[in-house]
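Labels for the chains are A, B and C, by order of writing; each one numbers its residues from 1.
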Amino acid sequence: MKKLKKAVCLLLAVSMAVLAGCSGGTSATPTPTEQASSEPTLLRATCTATPETLDPARGTGENDLIIFVNLYESLVVPNRETGEPEPFLATEWTTSDDGLKWTFKLRDDVVFADGTPMTADDVVYSMERMLALGEGYAYVFTDILGSVKAVDTYTVEFDLKSSFGPFLTALTCLKIVNKTLLVANTVKDNSYGDNGDYGKEYLLTNSAGSGPYVIKKFTIRESVDMVKNENYWGTLPAEAPDEATFTQLTDSATTKMMMASGDIDLAHGHQDNETLQALLTTEGVKSAVVSEDGLNYFMMNTKKAPTDDVHIRKAISYACDYDALIAVYGDVEKPNGPVPPNLFGADNTIQGYSYDPEKAKEEIALSKYADNLADYPVELAYIQGNGDTGKLTMLLASNLEAVGFKVTISEVPWVLFCNNEAAVDTSPNVTNAFCSANYPEAGSLLEFKYASWTTGNWNQNEWLQDATFDQMITEALKTVDNTERLQKYSEIQKYLVNDVVPSVYAMVSATKPSWNSKVFTWPVSEGKMYASSEYNYYLANFVMLK
Amino acid sequence: MQNTFVMLVKRAVHFILVLMLLSFLIFSFIRLIPGDPVRLSLGVMAPEETVQRMRHELYFDRPLVVQYFHWLQGVVTKGDFGQSLYTHHAVSQDIATYLPRSLELAFYAAILILIFGVLVGTVSALFKNTWIDNVIRFLSYLGVVTPPYVIALFLLILFAYTLKWFPIGGVPSIPEEIVKTGMPGLDALLAGNWALYGKVLKSLVLPTLSISLGSIAYQARIHRSSMIENINADYIAFARVAGVSSTRLVMKHMMKPSFIPTFTIYGLQVAALLGNAFLIEVIFRYPGFSQYSLNVILNKDPYSIVAVTFVFGVIFAVVNLLIDLGVSWLDPRIRLKASE
Amino acid sequence: MVNTVNIQTVKKVNPRAEAMKKAWYKFSRNPLSVLGLVVVVGVIFVAVFATVLAPHPEDAGLSIHMTETFQAPGLAHLAGTDEYGRDVFSRILIGLRYSLAIGLLVLAISVPFGVLMGLLAGYYKGRLIEAIIMRFTELFMSIPPLILAMVICTMFSSKYIFAAIGIAVAWWPWYTRITYNLVTSLSNELYIVYTQLSGVKMMKIIIQEMLPNIMSPILTKMSLDMGSIIITASSMSFVGLGVQPPTPSLGEMISSGIKYLPNIWWLTIMPALMVVLVVLGFNLLGDGLSDVLSVEEK
């Protein structure tokens, strides 16, 4: 028995040593040394998720757009400061008096990444393709666009069925794809008749645009590798990164370590405050607050007791400790109404609600639930794993309890959350989520948030179904004249804040990207932010320092 | 031999029945669980026609039985498991991408768990109730209860971040042209690229340790207690009295039967590694099968969920068969009885 | 049971009490086993009286102190404070209650059922019932626990008792599998074969002869599983099953704390230490019990 014990111990010791040897042996390799200046420059960034496809007709998320702006281009781009559309692939345009016919003159010097010149045909194809697919931004145009045709090689004409004020702004959503390339790579006999699969399969892993970068390698939910487009028709500075990788990375502990050891240069802007502070302790790492076209909303179900009473909704708006919410999130603005202050069409004269527990109690007393509030618990819900929304919900819940509400909280997985929102009965009293405009204008956000035709989804727990609002937003969107349209947007915002009170406008939606300032600088470093946040990630504006 | 063959045929028939029942169950579960995967995939603003068209293409507007048999037909005739809404690829292609990575990780972990689990368990049993046993016991409790992702973070902080022995997650990318099996290490080996294999191995050390430490501890505990059980068994005492040498006694009479629970749990644990390593894969940026299966479940991606479960079904069936074969090897009396 | 006094054989006076006494003596001789018992009793006591013992019981609810967030462990807060400024120590004590309840519930459901199925399958080896039971274990092992949890969540409710049922449904096949293998091996032991030949009923053989003999590995697995279940329970919240915030559970505290590592370590380490304590207690107790059981067989 003794001998055996010894033998086993020896075996154990030996195998330990072997294992230790293994790790020791591999440790001999040095860590990667700094790149020589002649080598191509590489930017290593992280994202919360890679796009699901490189098809600009299908993606609308922040992660999609950050990549798409580098691969594809549009007829017009939003101005950096005002967000107003400016010429890009189109040099000029004219509108008929009734606002139904739009004619665009295209640049004649644009070539796609494979060298094919861009013509009006590509624009027509891109639009028709997007509508046929029906995904992404198609809904913006589906109901209003009659037809699109190429007048000559460099002239495109859009005929609208009804006038649509934000048409020009909305065109920033239409990314132009290379028709010749996609037709050559179409899978025949598919969902779209003669057009086969419309090149959907090809665009799962390839790009077909005219932007300053092209795809080197794309692996869904892992990483997107882009390199400079050698055929780029415009100017692409030499200091811009030769190659850029966006890696999907959500784990904050890993992010902290990789930033500290110089394995990443740019961390995505959805870190929680504690992680961000830790990231900033690394020398040279900086961060900035980049506002987005949206808000954080506490959406109150206007069709379910007790939040069906406007006094209760006002009470909740007063009970909310806005400063505490903002403290959780960091350095962001408090909005006064349903539209973020920097979005085209926001009315910044509105006086919103502020933290006032006494007023909240007064409003409760005015409501029909004043006597039996305890019988109507307020049910708060948030999406599981959705950044800080859980924290915000907890804070509001504690505020509500303080003024006399009875509350319940539930953390709901995404799929279930969406399912609950499909019907009024299963939609909770209050939900918390971030919502952004689909195209950079107040009308987009207002429609998305409150129109009757967007109920049944996660973005509208309010179930507003308000005929007055529907009428107002439809009218506003039809108005072609900018000043007049803005006036109408302003009236809608006042109506919502003063009369309906459908939501608590907690804070302006913002991301807080952090980056290693020793590796590169970008316009954000100098405080130059784009009104449309994805354009901040336009890699051609980056200056690599190594 | 004859009997083993009959047994295998029988098992194969059962196996197919189990897989069919399993996939049908999952299809019905998916219908039961609330949430419209198509609407989720296309987004809030997608027009109703687009949603309906996709539902139709995916057979989601047909009765459950029709959908099931359509799927089954695809699987049997073309090996087509349907389309994933989560990755937009064919599900079979996804499985071929993610499963091999996890299999490779599980393979290295399985080796570690077997060697160290048994070794530590044996030492612990032989030195029962001495300080060696107590130290091992305490360490194994620690190992068992510490969630693998906590272990992973500590290993990462210590060995990758502070000591810089290993990379902070990630796996070296394998050039497209040498990808054959989808297992990064094996592909490098097959291409004869030793440098690349070394790199892959280096990046796999920490994830492997993270998923195996807990199982090693677990295995050691199970092995210890079943060995102790056997030390006390009558026939051991009998053999000892009969003068069988103690080394031989341990090796032949104590070791082999003690392996029955050890081996059973071992097989199941290794199989379960494929589905449980979700956070490890996230932390080490090693997108494998666990991460895929969790994400498709959370996104309620119907055909992927069925395929994932199908894969688990195959793996558990195979592992159970191996366990049965292993046990009958460890204890020949079982084999005898079965053939009577 | 009935305490019959037999005049003829004094030694057999109250055999059960005698055996118990002997077992207890054997058990109490091992300080580790006693320590295990003390820890388990202590942990259960703490869990039951958690709200009384916790210095800030309100921190398990909606109380939020944004001015006191992330305080390191010290005299004011023994285990520090979390991202809402809540007392981690209080939350551990109250979270222990749910975690312990889930662990015990899961074991109470899955072990008897799983072991029974294993005994049946093992005893009826070669028959149809064996094939059915064993293929069903494969079936249940293959269904991802989260899917089971989602289904249960849909059909019943998201209360934590259903989380326990969900985990138990995924857990029992392991016990079936291990019992089955032990029984098939055991049923070839000479003494079982003899007992069978001497005409003793099958049920009796299973309960009197087989069960005690397989108790040791089962007990070990049970006591180890306490920890795994507590951790698994936290992953159930991925699909909305289990305790809802702000109510704490140990597993949920650990998993929500990891993103603050490494600088804010107490959010992970402190609840993890509690889990270690629980598992340590149950394991020492389990080892002690299986020692006693295997001696009784002699």
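We adopt the following convention: a residue touches a chain if its C-beta (ideal position, glycine included) is under 8 Å from a C-beta of that chain, and two chains touch if they have at least 3 such contacts.
A quick note: this is a predicted structure, and the numbers were derived from the prediction, not measured.
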{"item": "Chains linked by the largest number of contacting C-beta pairs", "value": "B-C"}
{"item": "Central chain of the complex, centres being mean CA coordinates", "value": "B"}
{"item": "Centroid spacing, where centroids are CA-atom means, of chain A and chain B in whole angstrom", "value": "37"}
{"item": "Where chain A and chain C are represented by their mean Cα positions, the distance between them in whole Å", "value": "45"}
{"item": "Chain B-chain C separation of Cα centroids, rounded to whole Å", "value": "23"}
{"item": "Shared interface positions of chain A, touching two or more other chains", "value": "251, 253, 413, 416"}
{"item": "Shared interface positions of chain B, touching two or more other chains", "value": "33-34, 153, 157, 298"}
{"item": "For chain C, residues contacting two or more additional chains", "value": "238-239, 258, 261-262"}
{"item": "Residues of chain C defined as touching chain B within the complex", "value": "30, 32, 125-126, 131, 134-135, 137-139, 141-144, 146-147, 150-151, 154-155, 174, 177-178, 181-182, 184-185, 187-188, 191, 213, 216-217, 219-221, 224, 227-228, 230-231, 238-239, 251, 254-255, 258, 261-262, 268, 272, 275-276, 278-280, 283, 287, 290-291, 294-295, 297-298"}
{"item": "Touch list for chain B against partner chain A, complex", "value": "33-37, 39-40, 42-47, 49-50, 53, 57, 86-89, 115-116, 119-120, 122-123, 126-127, 153, 156-157, 159-161, 163-166, 168-169, 198, 201-202, 205, 246-247, 250, 282-283, 285, 287, 295, 298-300"}
{"item": "Parts of chain C lying in touch with chain A, wherever the complex brings them together", "value": "62-64, 66, 70, 83-84, 153, 158, 237-240, 244-246, 258-264"}
{"item": "Complex contacts: residues of chain B adjacent to chain C", "value": "10, 14, 17-18, 21-22, 25-26, 29, 32-34, 129, 134, 137-138, 141-142, 144-147, 149-150, 153, 157, 218, 221-222, 224-226, 228-229, 232, 234, 257, 260-261, 263-265, 268, 271, 275, 293-294, 297-298, 305, 308-309, 312-313, 315-317, 320, 323, 327, 331, 333-334, 336-338"}
{"item": "Interfacial residue positions of chain A with respect to chain B in the complex", "value": "1, 3-5, 8-9, 11-12, 15, 22-24, 26-27, 29, 31, 52-53, 60, 133-136, 138-139, 142, 191, 204, 220-222, 247, 249-251, 253-254, 257-258, 260-261, 263, 413-416, 418-420, 422, 438, 448, 454, 457-459"}
